[in-house]
Amino acid sequence: MQTKLVRPEEPGANMRPTDTTEWARFMTDDEYYPFLIKKNIRPAIWRWRDLEPRLSAIAKDKLRRADRRFVALVNSDTGETGGVLPSLFLGIQIINPGEHIVPHRHNSYALYHILRGAGFSIVGDHKFEWSRGDTFACSPWASHEHFNSGDEPAIQYVVQDMPARAIERNLMWEEPIGRMFHMVEGNLPHSD
Amino acid sequence: MQTKLVRPEEPGANMRPTDTTEWARFMTDDEYYPFLIKKNIRPAIWRWRDLEPRLSAIAKDKLRRADRRFVALVNSDTGETGGVLPSLFLGIQIINPGEHIVPHRHNSYALYHILRGAGFSIVGDHKFEWSRGDTFACSPWASHEHFNSGDEPAIQYVVQDMPARAIERNLMWEEPIGRMFHMVEGNLPHSD
Amino acid sequence: MQTKLVRPEEPGANMRPTDTTEWARFMTDDEYYPFLIKKNIRPAIWRWRDLEPRLSAIAKDKLRRADRRFVALVNSDTGETGGVLPSLFLGIQIINPGEHIVPHRHNSYALYHILRGAGFSIVGDHKFEWSRGDTFACSPWASHEHFNSGDEPAIQYVVQDMPARAIERNLMWEEPIGRMFHMVEGNLPHSD
Amino acid sequence: MQTKLVRPEEPGANMRPTDTTEWARFMTDDEYYPFLIKKNIRPAIWRWRDLEPRLSAIAKDKLRRADRRFVALVNSDTGETGGVLPSLFLGIQIINPGEHIVPHRHNSYALYHILRGAGFSIVGDHKFEWSRGDTFACSPWASHEHFNSGDEPAIQYVVQDMPARAIERNLMWEEPIGRMFHMVEGNLPHSD
């Protein structure tokens, strides 16, 4: 670059230009296709008989301030995306009577189906009381919190598009409400 | 265009060029943003008490050759995408004892959770026997079929990314096996 | 719901529960498929001879505080998604000598190719000086601003996934830096 | 499973059930989040001065039957997705005078901008003649082929959503026309 007189109003006047970014690569057709094409995902099954003891185990742990209480069902074939399917998260959440999953929000959606128990959730401006068989949807960026107001553990079957948002690096999070961040390496929710 | 002598080996030698495609528009910044920005999706709830009679009703219909037996839960706010959430399909499927949902496949995935009953599914090369509480995943393009081998109606909670594939116009389908097609206007599965 | 004594520590103690959300629908298989399947997208072409006068026209307008100077190429067949293709935005941006597109960021990515002119962009921690033929990528949530430091108008060919983020309602924006918001109905960038 | 008399009409009567799929894992909240969260993508730049010699080099190779002639711009930070950005492919294609990129199609879209030269493309039912500055869009599943009918090499700037389709394992391909396949491990286009 030739030297140039920087006008004072010019943005970034004190920044040194980056000429080369070593992580920017060139690949030929012959190199690119084999690199792009992925392992096929094998069909998979998760048995209730295997899941139930894991739910019972986590239900005994003390609930931390902003924790969730879920067991994630992950197909190893999904590799980096880390989901039950390549762009999908499935978590089974157990909430003990009187427990409160405190409010937070994210730009991934969440779809809840009640497998057991009764309680309520506050989703955006709505308070949904729920019991077995009910389904409710939390839209992207709607704040949500859950409360078990019943007498037995409540179990929710929860589907989210977190893996799609994470792999595309467009996952945004707010937790606790008031602390918003881009969910990439170095940032984790409820890392108290 | 000036006239040009067409060499016989040239592809499309007999095709008349398209100069203008009227559906190709230009928009300024001021026009584009209001057009792009969408209605927010309100949180929504679907009650089991409302779903159950609908499942009972469709279970009484005769099962057609390649039909499914589902009730879809749709949030009207999703507009054109037509899902329980903007890129997600949720269908509750009921299968009577002895009924067979015949094989088909698509490049959208399907995630099954058994709410009631027992049976089996053939997913790709695997035969999964299932009962209440089990979860299994059908990967994109894996052929799948379902059979109720029990004595009571089986109910599956089924999540798919059909709306994402449909809105992006990359939904592919094969039904019956051997008839593959691009699922856009004019093509429907099991349209017997 | 039967009346229940609300414990003072219970969240949402003063909220009235929502029993029914009218926008939550049920659809049968026969209703759902025709609703889901979309118009095919026709191939389309945008000519430079039609684009250039539009760029010249917007280049004569005064640049407002946080404006962009782009012409968007939109295929009408994309309907609600509003893109050059169903999940893709293409804008051609023209920047006059000395003009500054001020910093902002969003969780959609942006890919720039320089068609004409010279200048620099500050993208996250990097200052990239560019001229014709160079390509640079702005990752999701990286702040970016552009400056034409040359003597002729600069033209950038800019691809973004804004339509995908908007239709899924997971588009997040910060503009000016410090004002972060969920980009849905009611919120627009640079609405001065 | 207890033994059961298989009725002859039962599907999969001769298949042995799969009880366990070892690639189906369970993870707790504490294990899942660190696994899900990805490296941030650094902004990157690809210079024309580095790209041009690579284009000249591939232009000297003999064009194979169904080959493309592109150089892909890849950001190493995108990891498994392998794109210029996490869900996006960018390839610069060079076509010599008289060369023909033969017809094929895929459910990923392709967006072409002409940087240099003149020729035509047949996209679905349309024949588009193009020269520098023109932009045209090939919709998912539209067949496309390109021909350089001019006197100098033609250069196209081509954006596709191949990485998104590949990572989600919903990429479908037809090449040559008549041979359709699911683009996962084991299948490659033009592998002559």
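Residue numbering begins at 1 within each chain, and the chains themselves are lettered A, B, C and D in the order written.
Everything below uses one rule, namely that contacts are C-beta pairs under 8 Å (C-beta built on N, C-alpha and C of every residue); 3 or more make two chains touch, one makes a residue touch a chain.
Note that the structure is a prediction, hence the values are computed from the model and not measured.
Residues touching across the chain A and chain D pair largely coincide in numbering: over half of the numbers involved belong to both copies. Comparing the centres of all chains, each the average of its CA atoms, the largest separation from chain C belongs to B. Looking at A-B and A-C side by side, the one with more C-beta contacts is A-B.
Averaging C-alpha coordinates per chain places the centre of chain A 23 Å away from that of chain C. Chain centres here are Cα means. That of chain A falls 27 Å from that of chain D. Chain contacts: chain D has residues 18, 21, 40-47, 51, 73, 75, 86-87, 109, 126, 128, 139-140, 161, 168-169, 182, 184 touching two or more partner chains.
For chain A in complex with chain C, the touching residues are 1, 4, 10-12, 15-19, 21, 100, 103, 107-109, 120, 122, 126-129, 139-141, 145, 147, 149, 161, 165, 168-172, 180, 182, 184.
Of all residues in chain C, those touching chain B in their complex are 18, 20-21, 23-29, 31-47, 50-51, 54, 58, 67-77, 79-82, 86-87, 89, 91, 162-163, 166-169, 182-189.
Chain C contributes residues 40-49, 51-52, 73, 75, 84-88, 90, 109, 111, 113, 115, 123-124, 126, 128, 130-140, 142, 157, 159, 161 to its touches with chain D in the complex.
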